[in-house]
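Listed next: structures, encoded as structure tokens.
The two complexes that follow have chain A in common; it is paired with chain B in the first and with chain C in the second.
And now, the complex of A and B:
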């Protein structure tokens, strides 16, 4: 069953309970950071920061706005990371979420370079890529993800996709009636549907400046090319390379013997 | 062995059924291997100590050691949710190292600490010493600065030399008693850390 998280930017109060709950449940250590002029902290995703709130200030209708958006792995349907992974370490689970198998990960960084939302972190010590798991262990035990459970303002809702879509549509109507005429849903059509669906209270125009989300997320053309042309024959390429190296080695051994 | 069309189909069907059964067996085994990490923990309900809201928290305790703390879904105040401070309550006891293993929080206070006036370091003291010293100093300060009448001759019976700060770590009833004792000894500067 496809699971989806609905994030309502009109309800988020920026308390970062989701960030703390994520670290607590997934046993991730804290990061030492410094003040950079925004409450957004830590500044970027890392192997120990899987979710964070983007704090964005902007002006709309000659009014100062301050918006908080929970970002993290979007568990895209058209997932660039899964396409490019040469070790087949990234797969889709029964909940429709994207999972990195740390045992198979070879630490090549392709997923990190190709991620549409820049949410994957690289653990140099363990040589693996790490990101939000959508608390797959909790889902298997019948619980909801730690961030969705912690949210005190009801900005994060979690459930089956069709339920989240109808909930989002109801909320959009509510916001429009209350005078938020630009409110709309994000993540319904993007990359064939994101596992994290958003209610953008001020519309998707300039989404990067307002919420830290790309306005039109796209999988890079290079990722498509890699996926279609090179990935199916990668075993052959590796074997050919190994063979070439072996030939080269035996040839140079012969030469060394001769001289 | 003579194999008729019918027996061949039977055989194929049985083989297919067997493989499906075997497959499902494997799946359930794989699921059991990934049991949630608090699965064998005992659930102990408690109240968050950070502010006056008093959210309910469930602590998971295994072999006498706390392994997790999260919002109590059955608590009427927070219904399972928590703020950022409550969400990190577990880290009061244990923090995670770079490999995600819990280690005792080095900054957790487990004994009363005393810093003498003018000193730059904390010393460990016993509770008896602490309580006696605090009581002695409150009494002395109060007696020294106690005023019965103010400048215009109105009876006030107060001391302005002490301020009293209540705590959200205490219950409502405890704070009521603190308020009583503070007023009984003439303290008028009373406040609370969770005042909103």
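And now, the complex of A and C:
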């Protein structure tokens, strides 16, 4: 059954319990950060930061807004990362989530370069790409992801996609009735449907400035081309790459020995 | 809180004033969101900044720090002018109809109530309250005018008192647009309709002022006028910042009270038990039972040694002398070399106290300092603070490593007064011990030493009943024995008392805290450990934990129905009576004695008060029977309402390091606050890398216009200065990172633009994430009644570090 996380920006209070819970459950170490003028931290996604809250300040209907939006892997249906992965290390699970198989990952960074939302991190030491898994281990045990579990204000809900869609639609109606005429859903149609769906309280116009989300997410043309042209010969490319890496390694090993 | 967290789901309009509930009590949002979704509830946030709560509010009302009484006084005027008060509630359940003494007056020029006197000992003023009384007939009954038209009745007095708090005046004082003021007044006053519930939730942004207690009074008065006390979804709701800060006040971790809010005896006023009981026990109201609680408390302290013959060891109780034993006072005496030793337990005043830089220096006068904490905090490490010379400091510091929250068992009491048992997850590591074990062992050792070596007055210690050791191992504390003593027991056979109704004043019962009595009255299934969820009802969850008093979830709950017993809101009915006036069904524990008649209860719904009715006019506080607007101790503007007054005349000035009124050297208004990611002094949270990652450094928030004027860019390092950091004529500020934000706007105060800057105070020089101590800037001045320091509004300067 396809699972979806629904993020309600009208309910998020930016407490970041989700951010801490993600680190705690997945045992991801803290990053060294600095205060650079915003509450938002760490500044970007990394192999040890899989989710974070974007803090955005803007004016809307002559009112000051401070909006908090939980970002992370969107588990896209049209997933650029999966298209471009030359090693077939990225696949879709039974939950509809996008998974990176670390054993197959060759650390080529293509997924990172092509990710529509810039949410994949590269672990240099292990030479693999890492990102949110929707806490696959928890899902397997019948639990909801750690971030959803930790949310105190009801801004994160998690469940079967069709349920999340009807919940989102109901919520949009509520918000519109309460005067948020621009409230709309994000992630229903985008990239054929995102595994992270959003209630955008102030609409999608200038979504990057309001929520840190691209207004019209697209898979890059280059990724499509890569997908169409090279996918059939991907196995060969992988072999070639692996061979090249092996040659390089043995060469450098020789050099190391020689010196 | 008069109500509780889950009851928030029953609210129609929330006013979050002087608090930041989303930031500091995130779980509250669960219930606020539920009320919004199910009842269409609205959330008003009154705060100088767009806080994380204001970010999700329906209406944000930006006001200048320190002007809450102007704002709330304006609301009171609005309610009275438009007759939006809940008329029946006001007439029957408050003292609106009482006639006030003819001698009572208020001078709008000076800002003084009648009875003002000099108080040279405190370097302040004080009041003789003899005119703050009600008119009485020859039998002592209070004279009333039920029509509420007599010019001396409380309601008419309120109308005259707040007549000057017009929208225009409130706007000039607070800096808030009158349209927004009016919109908020209109929205909140809509809860004056019978059947509507308004909830005022607040925190330190109401209390931490020189007029903090009066702020709370103003909140209570608004709620009484709108009929919002004692009803589901209503209340005067003080949100406590820590899960057990409620418990610590209940158990009297304060200098002026004994457990259960019994006043601490004063040497001059209460030299004997008879004096104490006579002066502290009112003629009517539930407090007539005070002698039972006091004597049972002393029986708990001194056991068999406490007898009627020796006044139950009343002489052993410490008595307050004429000096101030509050936090600010205690440190002042330390600075003067009078205090020689300090046990600092789970506290870090070197970061959280006002003018904390001075405090750290005062600590060097101590011979010894014991710090009980889970980390070496700034108070324990004061001798290595920046600017200290360890070679010159002789203080011997002892660190007693405590157990963390999950390494100990016991109860916590939340803001809603729910006393809940917490089971231990694991033992403390190494030589760490739970707080209760440390207290137990420490006192046991003291008893031994005093027994062996004696001392000036060893009896109170040597004779104290201290028998909490485990049966199998005397050195280890048995927490159940402590719980039993707090709950209370019969001294004859040691059996549990059911609750405080069973307590006696003859020594036959002992009880460590009457308010908690009932929370642990059996071994098998004590109420504080009960975990039964309600399946239907109004959210009382009577089977979940134990709320003081008597498991009551909403206090003064008789007010949820009209005098005839009909609920104001039939959808949230709490009590059902039959035609004879007998209670037949209840969804909360009734707040009245079972022996009272239906009529008696209806006439006295506020059972803790001698008059039995809510106090719109009250003699309780030291600084006035009605809240009047005074400026904070440091203010950029004069008092527009009362030109000769500036700050609260009753508030004590301990030092003279204050900026002058409108001081050009300190032109900006500083307010301090907390953030979600760190807790209090940061002693725990700054040692947690995941939290430091999110909030790594101390920062200061300022508006875009001020930043541009001063050439400060987002993320720049800036220096903040206040009069507290002036050493030998030289200014010495603290450094922080600039957070230039549109969430703060300059406010126009009486035609002049004023800038507000804000800082969290969670950093210090110890721990994994270090930073300057914000409270080095804050003034050592406090509320006239409670001495809580004025952290929320003072003056400063800010400049870019070049």
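What we mean here is this: the second predicted complex is superposed on the first by the 233 of 259 C-alpha atoms of A that agree within 3 Å, B and C clash if a C-alpha of one lies under 4 Å from a C-alpha of the other, contacts with A are read in each partner's own complex, and residues count from 1 in each chain.
In this text, a residue touches a chain if its C-beta (ideal position, glycine included) is under 8 Å from a C-beta of that chain, and two chains touch if they have at least 3 such contacts.
Values in this document were obtained by computation on a predicted structure and should not be read as measured data.
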| item | value |
| --- | --- |
| More chain A residues in contact - chain B or chain C | C |
| Partner chain in contact with A:16 - chain B first, chain C second, else both or neither | both |
| Contacts of A:25 with chain B and chain C, given as first, second, both or neither | first |
| Partner chain(s) touched by A:61 [first = chain B, second = chain C, both, neither] | neither |
| Which of chain B and chain C A:152 touches, first, second, both or neither | both |
| Touching partner for A:140 - first (chain B), second (chain C), both, neither | first |
| First, second, both or neither for A:189, with chain B first and chain C second | neither |
| Chain B/chain C common contact set on chain A | 15-17, 19-20, 23-24, 29-30, 152 |
| Contacting residues of chain C [partner chain A, same complex] | 22-23, 26-27, 29-30, 33, 37, 40, 50, 52-56, 60, 675-677, 689-699, 713-715, 737-743, 745 |
| Touch list for chain A against partner chain B, complex | 15-17, 19-21, 23-30, 125, 137-138, 140-141, 143, 146, 149-152 |
| Of chain B, residues touching chain A in the complex | 31, 34-37, 39, 68-71, 73, 78, 80-88, 90-91, 95-98, 100-102 |
| Residues on chain A engaged by chain C in the complex (per definition of touch) | 10-17, 19-20, 23-24, 29-39, 41-42, 57, 59, 63-68, 152-154, 174, 178 |
